[in-house]
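Shared between the two complexes below is chain A, which pairs with chain B and chain C, respectively.
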Partner chain A sequence: MSVTSSPEPGTAADRATRRPRAWPAGLDSRRRREAALGYLFIAPLVLWLVATILWPLAASVHLSLLDVRLIGTQGSFIGLDNYIRVLTDDRFWAAIGRSGIWILGNAVLQTVLAFSAALVLAQLFPGVRVARTLVILSWIVPTVVAVIFWRFLLNASGGGLINPLLIELGLTDDPVGFFSSGGSAMTSLIVINSWRWFPFITVILLAALLRVPSDLYEAAAIDGATAVQRFRYITVPMLQPTLFVVGLIGTLLSFNVFDIIWLITAGGPSSDTTTAPVMIYETAFKRFRLSIAAAMSVVTALILVAFALVFIRFAQPKEMG
Partner chain B sequence: MTMTRTSVLAGAATALALTALSAPALAQTELLIWHMEQPPHRVERIQSLLDAFNAANPDITVRQEPQNWGEIYAKAPAAVAAGNAPDLLFAIPDFTPLLKQLGAVQPVDAIVAMLDEAHGFYPAALEPYAYDGHVWAVPLYNMAVSLWYHRPMLEAAGIAPPTTWDALRAAAEALTGDGVYGIGLPANKHLYTDQTTYALMVNNGASALYDADGSIRFDTPETQGALAFYDELAAFSPPDIASWTWGEAEACFASRACAMILQFTVITTFETQTDGTPDQLGVAAIPAAEGVADPGTIAYANGVMLLTDDPAKHDAAAEFLSFLMTPENYGRFLNMEPGLFLPVTETGAEAESFWSDPVAVAYRSQIETMLENSRNGRLFGFTDGNIFPSIAAISAQNLISQATQRVVLGDEDPADAAAEVQEMMEDAIE
Partner chain C sequence: MKRSPGTAIARTLVLAMLTLFIVVPFYWVVAGSFRAPAEIIAREVIWFPQSVTFEHYENLLRQSPFPTYLLNSLIVAAGTMLATVVVSTLAAYGFYRLRFPGREWLFRATLLAYAFPGVLLIVPMYGMMSGLGLIDNLLSLIIINVTFAAPFAVWMMKVFFQTIPKELEEVAELDGATRLQVLTRILLPLAAPGVAAIGIFAFVMSWTEYMFASILILSDGLRTLPVGLAGIIGQYQIDWGLLLAGATLVTVPVVVLFTLIGRYFIAGMTAGAVK
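Let's look at the complex of A and B:
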C-alpha cells in the first residue's frame, strides 16, 4: 500500500494540482451553455441598472462640466468652474450643515421612537397583531396627505388641534406659530418626518427582536440579570447588525428627504430649512442653473459615499466584517 | 358568377375614387393646447368650448392636454427641445420670456390687433406681453388681488372700508381681539407672499423692479416702506402665517378668524363654506400710502402663446381665438371658475354670457369692483416696458417673499432685508 502526501501549500506542485482540469468535451459545452444562459438572465437587470443609474450619473457629471441654465438649452464646456463655484459657496455648505442637523435630529428621534415601539410590540399582549399592523399607518400614508394632516394639526388660525391643547394645558397663552422661526420650523419638520418614517425602522427592529432566542433572556433571568442588563447585554448586541444597516440606510434616506420640507416650508423661513436636496432643486428649477445644480449633486453624492465608507469602516459589527 | 381579377381591381379603384370624392375638400389642421387649468370642471368647460368650435370648423381640430403649473416650467422647455411642444400654451407673464429665449414663441401682433379692434383689450392686460417690438401672447383672462373684508365685522366696529395705509393699520388693530385677527397676511416663502407684498409695494410707489438698463431696483425707500408696513400689519395676523398659502388665508377668512385678507377672490369659498349672504362680503381696492400718485394692485393677465411657425396652424389659432373671445363664448370661458377669472376686453366685461352665471348674478357688485381693480393691475418685472427674461428666476425663487420673511419673521430691519434681497436678485439675473 502506497501512501501519497499532499504538496506543500503555495508551492509549484500545489499550484499545479489546483490548475483547472480539462472537462470532457460534452460537459465543457454544457457549462458554456449554462454560463451563457446565466448572462442572459442577468442581462436585463444589468441593462436596467446601466439605464437607470449609471447613465443618469454619467449624464449628471457631464452636465456639471457645462454651463447649461435651462432644460432644453445647449451649454458649452467650462471644465471645473461649477465645482469651484459650489465648493466656495457659503450657502451650499450652510445647506450641507442644515442637512447634518436634519439627519442628526431625525436619527435620534426616529431611533428612540422606533426602539420604544419595537420593544412594546415585541411583547405578547391582547391585540398585538392589530397594533403591529396599525403602527405602519403613518409610513404608508402618502406624503402629501401627511403634510395636509400636520398642517391642520398645527394650524393656529382656527381648526388646529395642537394649539388649543397647549392653551388648554396652560403651556401657552397664545397660539404658537410652529414654522415662524428657523429653529421651530426645523424642529417641527424633524418631528413630522420622524413621525412619518419611524414605523419603517420599527418594523425592521421588531423583526430582529423577534429573532433573538428567548432562552438567552431566560438564562439571563435565572442568573439574576435585571431588565436593563438584559437589554444592555443581550438585546443591543443581538440587534447590532440590524442597527448598523438601519443606521446606514436610514441616514441616506433621511438626507434625501425633499418632499416634506418643500411642501411645508419650501426651505424657509428665509433659508433656515433649506437642506442640500432643497437647494439642489431650487438651483436647477427655480434659479435655472442646471449645471451648477448637477455639480452640487455630484459633490453631495461624494459626501454621502465618503460618509458610507467611514460608517462601514467604524460602525460595522465584527460578525459582518 | 366568378369574379375576374380585372373586375376586382376595377371595383376597388371605383371604391377608392368614390372615397376620395366624398372626403372633405379642406385639409385638416390640428391644434394642440396645453393649459394649466387642471380642475375637472375647468377642463370640462374648456372641452365644451372646443367641441363647439370643432363642430363649427370642420377643417380645424383643437385638442386640449391639461398640465400643471408645478411642472410646466421644466416640461415646456423640454418639449420645445424635443420638438413635441404644443401649438398653443397658456402662460402668465413671467413664463413667456423663459420660452421666448428658447426661440419657441411666435409674435402674435396680428392676432392681437385683430382681437383688439373687435373687442378692445385693456392696456393693463396687454402690457406684460408687449416688449422687444412685439406682443408675445394673447391675453385671455385676468386675476387681480383685492382687499376682502367681512362687512358686518367692520360695521360692528364702526369702521369704514379702508382706503389708506393709516386707515388699514387702524382697522386691523381695532378688529384684532377675541380670537379674531384684523388681517391675514401670509409670510411664507411662497408666491402668495410675493403677491401680497408686491400689492403693498405698488401702493407705495415701488412697482418697478427693473431700471431701463436691466439693473435691479428693489432696494429703494419705497420698497423698504412697504416691507415696514407689511411688518406692522403682520402683527395683527395669525401666528402661523409662515406656512400660509392661498388656501389657509381663505380658510381663515371663511371661519371669520380673519376680518380682512388680500386675495384674488374669496367668492366661491364665502358662498360654499359660510352662511353669509352676498351683501356681507366686502371688497375694495388695496389701500395706498399717503401721496402715492398711481395706486393699483398686482394682477396676472393670463395669456396664450403660439409655439408653432406653421402658417396653417397660425391661421387656425387666429380662428380659434376669435371664436373664444366672441362675447357669447368668452363669458362661458371665464366662468369655468366663476368669480375668479376676469375679462381682459371691453366687450367681455359687458358680455351677457359672463354676467348671467348664477355666481356673477349674486356677487355682481363684488365682481365689478374686482374688474375695476384689475384695470390698475401691475406685475413685478413687467412695468414701464422694462421687461427682461431674468424675471423668471426672480419670481420662481420667490425672492420678494424672502424679503418679507426676513422682516416679519426674522425681525430684520427693512433696509437690511431690501439690500440683502437686492443682492439675491442681482445674483439671480447674473
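Let's look at the complex of A and C:
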C-alpha cells in the first residue's frame, strides 16, 4: 500500500500533541466523513464477498450437522455424525493424501519450469517481447480447451501427437495409455496442470526479477561471482518475499484444481486421481450425500488453514509481517 | 553486463523447450481443426496438413448447439464484466484514495478471497442458489464469477490509481466537487485503460469457468461453452474434428483480448504479489 498510516489515530500523547494544531474540529469531522465515504465505496465489494464466501461457508457448517442427501431435500440434525464418518473414512484421507501429492508434484514441476522461463525472459535478446507474450498462452485458454488439447495430444486410439511420435522414434511399439494406470495418470495430470499454470508463476517471478537492481549483479560479477553464486546469493534472497506469496497462493490455487482432473480421468482409474476437490464434488453431485460433502469441505478448509498458518509461521521473510 | 557463452546456450535450450511445450500443442490443435477426419486420427505424424477442410467448423456452427453455448457464455461474461467493473472500481477508490479504520485489514481480506478454494463453496452455493430460485439461471453464474474476478481486479486498479496525481483531486474538491464526481469525472477518464483491463480480465475469468457452471445450470439450452464442450467430449464416440474446431474458436477471443491487456494484467499481478 502506498499510504502507511496506522488505522488508529495513535497513542494518547500523540493525540494530545496533534489536537491543538490547525482546524481542530474541522479536521476531525473531515476525517470522519472520509472514513464514512471509504466504507461506502468498499461496501459493495465487501458485502458481495460476505454473501458469496462467508455466508455459504457458514451454511456449509450448518449443512454438515444435518443428514441431507439429495439436493433440495430437508434433513434432520444429527450432530457430529458426519464428521465422525468423514474422519474415520480411509478413502477421505487417501484423497487428502493425493491432494498432497498433487500439490507437491505441481509445486516442483512449476517451480522448475517457471524459474527457467523467468530467468531467460528477464534477459534482453531479440524477440524477448514476443516470447514474454507467448509464455502466457497456455494459461489463458479455458480449462476445457486445455483438456481437449491434451486428451487429443495424448490420445492412444489413433491420432494425437505424442503416441505417433513415440512410435516413429521407436520408443514404443504400441500406443501408450497415459491415463490407464494410476501412477501415469497422476503424472500426466500434473504435467498438464503445470502446462496450464506455470505461466502464472513465470510472470510473477519475471516481474520480481526485473526489479532486482542490475548493479548488484554487476558488482558481484566484478568480484568474480559465478552465475550460480549470483543466483544463490542475489536472486534468491531478493525474490524471497515474492516466493513466499507465490508459495502460499500457488498452493491454494493448485489445491483448488478440479476441472482438469474431472474432465480427463474423473478421478480414475479406480480413484487413483481422486483428490479432495474431486471427492467433494463427487460425493455431493454424483453420490448425492450433500451433508457428508459439506463435512468434507469443512474438514478440508481446516486442513488448509492449518497449512497456511504453518507456512506463514515458517516461511514468511523477516521484513514482512 | 557480459554474458558467458554458457548462458547463451542455456537460454537457447530453455527457449527451445518452451516452444516445444507451448507453441507445438497450439499448432497441433489449430492445424488439426482443418484436417480431414481420416488425417486427424492418422497413426503417423503429419506435420503439415495434407488436406484443408472447413467441415468441422461448419458442423460446429450449423449442427451442434455450439452457437447457443456461445451466446450464453457471452451473456454471462458481459454481466460479469459490468458488475466487476462497478464493484471493483468503487472499492479501489475506497482502498487507494480514502483513509478509514480497518482499511489495511479489509484490503488483505479481499486478497485472501482471490486465493480462496472455490471448490469448498460448491455444496453450500448450490443450496443458496436454489433458495434464491436461481438454479438453471445465468444470473447465478454472474454472481459467482464476480466473486472470483473482483478481488484481483481491485489489485489491478491499484497501478492506475497510483499514476494519477492526488493534487488533481484536491483541486476539484476545492472547487466543490463531491467524491463521486471526482471519481467519475476525473479519475475514471484518466484510469480508462485500467477499467478496460479489469473488464477484459472479468470477461476471461467468466469465459473459462467450468465447475460452478456444471452444477448450477441444468438445461442444455442454458449451458455455457466450457460445460457444453465438455459434454461433447463425453459423448460415446469422440468427434475430434468438432472438438478441435470448438477449442480453436473458444481460444481465439481470449487470445485477442489478452494481447490487448497483457501488460496491465501483468502490472496488476506484480502489484499484488510483490507489494
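The rule we apply is simple: the second predicted complex is superposed on the first by the 288 of 321 C-alpha atoms of A that agree within 3 Å, B and C clash if a C-alpha of one lies under 4 Å from a C-alpha of the other, contacts with A are read in each partner's own complex, and residues count from 1 in each chain.
The rule is simple: a residue touches a chain if its C-beta (ideal position, glycine included) is under 8 Å from a C-beta of that chain, and two chains touch if they have at least 3 such contacts.
None of these values were measured; they are calculated from a predicted model.
Asker: Taking the superposition as given, does A:T73 touch the first partner, chain B, the second, chain C, both, or neither?
Answerer: In the superposition, A:T73 contacts chain B only.
Asker: With the two complexes superposed on chain A, say which partner A:A185 touches: chain B (first), chain C (second), both, or neither.
Answerer: A:A185: touches chain B, not chain C.
Asker: Where does A:L154 make contact in the superposed view: on chain B (first), on chain C (second), on both, or on neither?
Answerer: It touches chain B, and chain C stays clear.
Asker: First (chain B), second (chain C), both or neither: which does A:V135 touch?
Answerer: In the superposition, A:V135 touches chain C alone.
Asker: First (chain B), second (chain C), both or neither: which does A:A208 touch?
Answerer: In the superposition, A:A208 touches chain C alone.
Asker: Looking at chain A, does chain C or chain B touch more of its residues?
Answerer: The partner with more contacted residues on chain A is C.
Asker: Is A:V46 contacted by the first partner chain B, the second partner chain C, both or neither?
Answerer: Only chain C is touched by A:V46; chain B is not.
Asker: Quick check on the superposed pair: does A:V305 touch chain B, chain C, both, or neither? Answer first, second, both or neither.
Answerer: After superposition on chain A, A:V305 lies in contact with neither partner.
Asker: Is A:G177 touching the first partner chain B, the second partner chain C, both, or neither of them?
Answerer: After superposing on A, A:G177 lies in contact with chain B but is clear of chain C.
Asker: Once the structures are superposed on A, label A:F285 by its partner contacts, choosing first (chain B), second (chain C), both or neither.
Answerer: both
Asker: Overlap of the chain B and chain C footprints on chain A, residue-wise?
Answerer: Comparing the two interfaces on chain A, one with chain B and one with chain C, the shared residues are 71-72, 151, 155, 157-159, 285.
Asker: In their complex, what parts of chain C are in touch with chain A?
Answerer: By the definition above, chain C touches chain A via 1-4, 6-7, 10-11, 14-15, 17-18, 21-26, 28-29, 32, 40-45, 86-88, 90-91, 93-96, 98-107, 109-110, 113-128, 130, 143-144, 146-147, 150-151, 154, 162, 179, 204, 207-208, 210-211, 215, 225-227, 229-230, 233, 240, 243-244, 246-247, 250-251, 254-255, 258-259, 262, 266, 269-270, 272-275.
Asker: Touching chain C in the complex: which residues of chain A?
Answerer: 1-3, 5, 7-8, 31, 34-42, 44-46, 48-49, 52-53, 55-57, 59-60, 63, 71-72, 113, 116-117, 119-120, 123, 125, 131, 133-138, 140-145, 147-153, 155, 157-159, 161, 164-165, 167-168, 195, 200, 203-204, 207-208, 211, 214, 217-218, 221, 227, 241-242, 245-246, 248-249, 252-253, 255-256, 258-259, 263, 276-277, 280-281, 284-285, 290, 293-294, 297, 300-301, 304
Asker: Considering the complex alone, what residue numbers of chain B touch chain A?
Answerer: Those residues of chain B that touch chain A are 73-74, 77-78, 80-82, 98, 101-102, 181, 184, 187-190, 238-243, 248, 251-252, 255, 257-258, 392-393, 396-398, 401-402, 405-406, 409-410, 428.
Asker: List the residues on chain A that touch chain B in their complex, please.
Answerer: 70-73, 151, 154-160, 174-181, 185, 264-271, 282, 285-288
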